[in-house]
Amino acid sequence: MELKQVLESIKEEVNPLIGRGKVADYIPQLSRQDPGKFGMAIETLSGESFAVGDAGDKFTIQSISKVLTLSMAFARLGEQLWKRVGVEPTGNPFNSLVQLEYEKGKPRNPLINAGALVVCDVLISHSGHALKDLLGFIHSLTGEAISFNPDVERSEKEWGHINRAMVNFMKGHDNIKNPCEQVLDMYYHQCSIEMNCLQLARTFLYLANHGINPRNGEQILSKSQSKRLMSLMLTCGFYDEAGEFAFRVGLPGKSGVGGGIAAIIPGKMSIAVWSPGLNEHGNSLAGIMALELFTTKTGLSVF
Amino acid sequence: MELKQVLESIKEEVNPLIGRGKVADYIPQLSRQDPGKFGMAIETLSGESFAVGDAGDKFTIQSISKVLTLSMAFARLGEQLWKRVGVEPTGNPFNSLVQLEYEKGKPRNPLINAGALVVCDVLISHSGHALKDLLGFIHSLTGEAISFNPDVERSEKEWGHINRAMVNFMKGHDNIKNPCEQVLDMYYHQCSIEMNCLQLARTFLYLANHGINPRNGEQILSKSQSKRLMSLMLTCGFYDEAGEFAFRVGLPGKSGVGGGIAAIIPGKMSIAVWSPGLNEHGNSLAGIMALELFTTKTGLSVF
Amino acid sequence: MELKQVLESIKEEVNPLIGRGKVADYIPQLSRQDPGKFGMAIETLSGESFAVGDAGDKFTIQSISKVLTLSMAFARLGEQLWKRVGVEPTGNPFNSLVQLEYEKGKPRNPLINAGALVVCDVLISHSGHALKDLLGFIHSLTGEAISFNPDVERSEKEWGHINRAMVNFMKGHDNIKNPCEQVLDMYYHQCSIEMNCLQLARTFLYLANHGINPRNGEQILSKSQSKRLMSLMLTCGFYDEAGEFAFRVGLPGKSGVGGGIAAIIPGKMSIAVWSPGLNEHGNSLAGIMALELFTTKTGLSVF
Amino acid sequence: MELKQVLESIKEEVNPLIGRGKVADYIPQLSRQDPGKFGMAIETLSGESFAVGDAGDKFTIQSISKVLTLSMAFARLGEQLWKRVGVEPTGNPFNSLVQLEYEKGKPRNPLINAGALVVCDVLISHSGHALKDLLGFIHSLTGEAISFNPDVERSEKEWGHINRAMVNFMKGHDNIKNPCEQVLDMYYHQCSIEMNCLQLARTFLYLANHGINPRNGEQILSKSQSKRLMSLMLTCGFYDEAGEFAFRVGLPGKSGVGGGIAAIIPGKMSIAVWSPGLNEHGNSLAGIMALELFTTKTGLSVF
């Protein structure tokens, strides 16, 4: 079956799930998303591109951005980074302070909120314009200018008491070096980056390409670093549902509370899917099903 | 580089680690293992076999056996199995009762002790001779008669207060159906199965082969089940170091406290390594390094 | 108001609560208790005795027995006892393994199950007939022969998987010296001791009397030990509702899952109350209310 | 023995402990305290006053202030207060976020930091000048003008990342109604109130007097409320050493990280003690010993 057909058949099969699940409602800007949306896109290393449904609609990538900032920080610090953040999956929900307290301010991994805040802090320490660097990085991957949704950014910051609690807690354990508010500012900006599925798939193709930007040949991460990053996505990319995703889908991926998911088939392609209705773990209900159908239909998985 | 050469060069490079680490000493039978031992073996789907060092020495496979009993239970119950045991990694050590208490007697995954005890219980409920079935299963995979080390078995049972605590706790939550002592008996027998690296590699080749016994073509697990099982190995196979292993090695695997590790390169081969000196997480120090070197040298990983 | 009248008025006021709550049902023998029962009795140091309602009906004292075994062990070991069990209240339910795991097998205090099991173990180590000693101790306090309910004892042992888990867990941490089954046998016997309210009040009068048996002048505990034991009752005597009881009632006391409560007014009197309907914390619903009314009506509390 | 003599003999006996322990050093202003200091004072309801050592030296009362703000809030809200903060002791350290997370932003009791922050929030909601009210309250009890140490206040606020984490976390769970910074401002002001032992003993005499200000007869708390507040002090007043204090001393009390402790003998007197060297739980080493000696020598305790 051609990939285009695969996407079409997936769209049909997930249809009963679309509109079900719960749109994120912790801020009004997200709660207004249309639960009836579903889009999916694929970019292959051979240069092909496939899309279905609302793959051209923009949404905020939210936690998916954690993979991008992690790539930047890992490229700059190398293995030093793991002194400040671990590589182990966590059994607790993504914004848990429990684990953070037991481990004295060192987050379990860089794909939970606490870890992503440390990654922000690292980037800020290394550059006077970390946010601009991030946009530049994405631009180099997509070839397009990408920007924030300022309403989402403002609103998340206003309601982000738990994240503020976390960054202060880590500051109290000396694992945040810059002012807490500056770290939060960076974090909320990255969460509110807007893309559509086609752009998101294009953005993540460097991981399928073992760390090399397929647009310009730039080595963003070494092959070994790229392997490590995908391993983190597989074990930690879906909050406390990471095991379930690895189990059902068998691909490295990362989800966001806006309903988006990016996933990688190493050496072959990147996949983006978006549907705003979330399951009880905060992952896109139709999105996860779409990816499971994809691996079942194509036989493509890392295993 | 030929695989034989790869093994030889790995043996040389891990040499400084051999004899370091700490041999398991919770029972005398394990503490008497020679810390200077190191063996490694590979079986490929194309029928080749490579070995180095003490690959012919026997050791008790301990927790590696959990993958075998899980395969049997998964084959019999299918998705029903996940009602009684989860598929999520755990941030806690392998014998933790904390997680078990929060989750009311349902273990996080089948590769921690609690989960393996539930799997034993499942097998006992399905057969009057679960232990014999297990040996028969291994025999069908290796073509050789495999047996227990009765001293290890007896000794583990005598000192296994924490496991006895766990199985009683789960019985109290109605997640153990058979008498506790019967479940423990099965469990300690499976832990004390003895193999050498060559046998262990041969045993695990069915997973590299997508669930099909390469010796006789029998479909042990469906392709999808095989993917799921390897996914569990990758996310949960190394106690609270699972993330670290996935991060460094990038392969589905399972370690045992006897110093053995089995790992899979899907579609290609199985690898067994053994060295009794353990790191602070209870995994073979030289064994993990050997597997990391293997993926680095060959470029083979799932990512 | 005379104490007799106080008891009468309390009986009337708690009447709407009687029959509400939930009779313990983890074993059939307890579930058959009549939820309509309510008895209360007072023994004073001046030799008076008051009773109301079903104060002559027998019930199993269950966890109330923990104060008696603790008194025996404290008298024998003195401050040495606290090497094996702590004196801090716990925020977790009475049969929690979480705290026990974090604290490596040392229970937080002797009035939770784990702590009482350690106390049993201490008594067994000090005497070849610990159980007989306990009955003798009670006999010296009440002047009457007191015995077990064998059906309750047998049934609790049969269903006590969580306690068996706990004692094995502590054995695994070397905080149980005798065989687990022997410790459990002692524990279930003490839980199944049967008394009525009058007998229970008489049993506890030595604590009101600063450690001296009022019947024969024997110094069971020193004045300081008696103070310490009552302090433990105040801070730890009501599972995870200890604070609430101290807050509402302001007396040292101990409850049991059979619906009984014993409480002390130091230097003055002991009080026993019984009503089988339990609140969600496992404490007698009408019993706690009765004690709160008692302190309110009489102005007697430790504060 | 006269109380004056009791104090003298205590001073002598605790002498070997003075200078031991560890002066709080999380801010420079506290670390500069002289570890050789020791003062103790008693105020009786019969109007007598006794003092020994450095009872006239000022120190910041820190967490002792939590009892005063709690009294104000309890007087204003009555039992409503317990909807927002519990009355149970906690097994975790005083600034733990773990318990707070499990209980969704409702602190276990008002004498840990999280609970005191909620109490601040309550007071701010009830008055436009909560801080002035607090000083006025203390003035009415001591007859003297009491003030803050502005250096301590500023410094604590600057370094108080964990408290900032906590208040934001509770805001995220909607248990803080006013702006986080306003609540923290109130909190750090109350912690930096300076008194000497004589003033501190006088301040707390209303609790010994069942809630009535002995200077002017004003009913601050009802007799029942006063009982409840002392019960909280006994079960929760010493961080994770509350049980140990109740066990050894047997009095309601509250300690502060500045080295001060206030304790009550209901119906009789209040006691203040100060010595800056702390034990590993953050309570004054010599102070706790002094109170234990006091109850032993006088036979006065609540039990």
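Note that the chains take the letters A, B, C and D in the order they are written out, and that residue 1 is the start of every chain.
Methods note: a contact is a pair of C-beta atoms (placed from the backbone, for glycine too) under 8 Å apart; a residue touches a chain by one contact, two chains touch by 3 or more.
Owing to the predicted nature of the structure, the values given are computational and were not obtained by experimental measurement.
Novice: What is the minimum number of touch steps required to go from chain B to chain D?
Specialist: 2
Novice: Just grab the chain with the largest centre-to-centre distance to chain D, centres being mean Cα coordinates.
Specialist: B
Novice: Chain A to chain C: how many Å between their CA centres?
Specialist: The separation of the two C-alpha centroids amounts to 55 Å.
Novice: What is the distance, in whole Å, between the centres of chain C and chain D, each centre taken as the mean of its C-alpha atoms?
Specialist: Computed from C-alpha means, the inter-chain centre distance equals 32 Å.
Novice: From the C-alpha centre of chain A to that of chain D, how far is it in Å?
Specialist: A distance of 47 Å separates the two centres.
Novice: Could you say which residues in chain D touch two or more other chains, in rising order?
Specialist: Residues of chain D never touch two or more of the other chains.
Novice: Assign the assembly's chain-to-chain touch graph to one of these shapes: line, ring, star, complete, other.
Specialist: Per interface graph, the chains form a ring.
Novice: Per the touch rule above, enumerate the chain pairs that touch, sorted by label.
Specialist: According to the stated criterion, the contacting chain pairs are A-B, A-D, B-C, C-D.
Novice: Write out the stretch or stretches of chain B touching chain A in their complex.
Specialist: Touch residues, chain B against chain A: 86-92, 99, 108-109, 223-224, 226-228, 230-232, 234-236, 240-244, 246-248, 250, 252, 266, 295-296, 299, 301-303.
Novice: In their shared complex, at which residues does chain A touch chain D?
Specialist: Listed in rising order, the residues of chain A that touch chain D are 96-98, 100-102, 160-162, 164-169, 171-172, 180.
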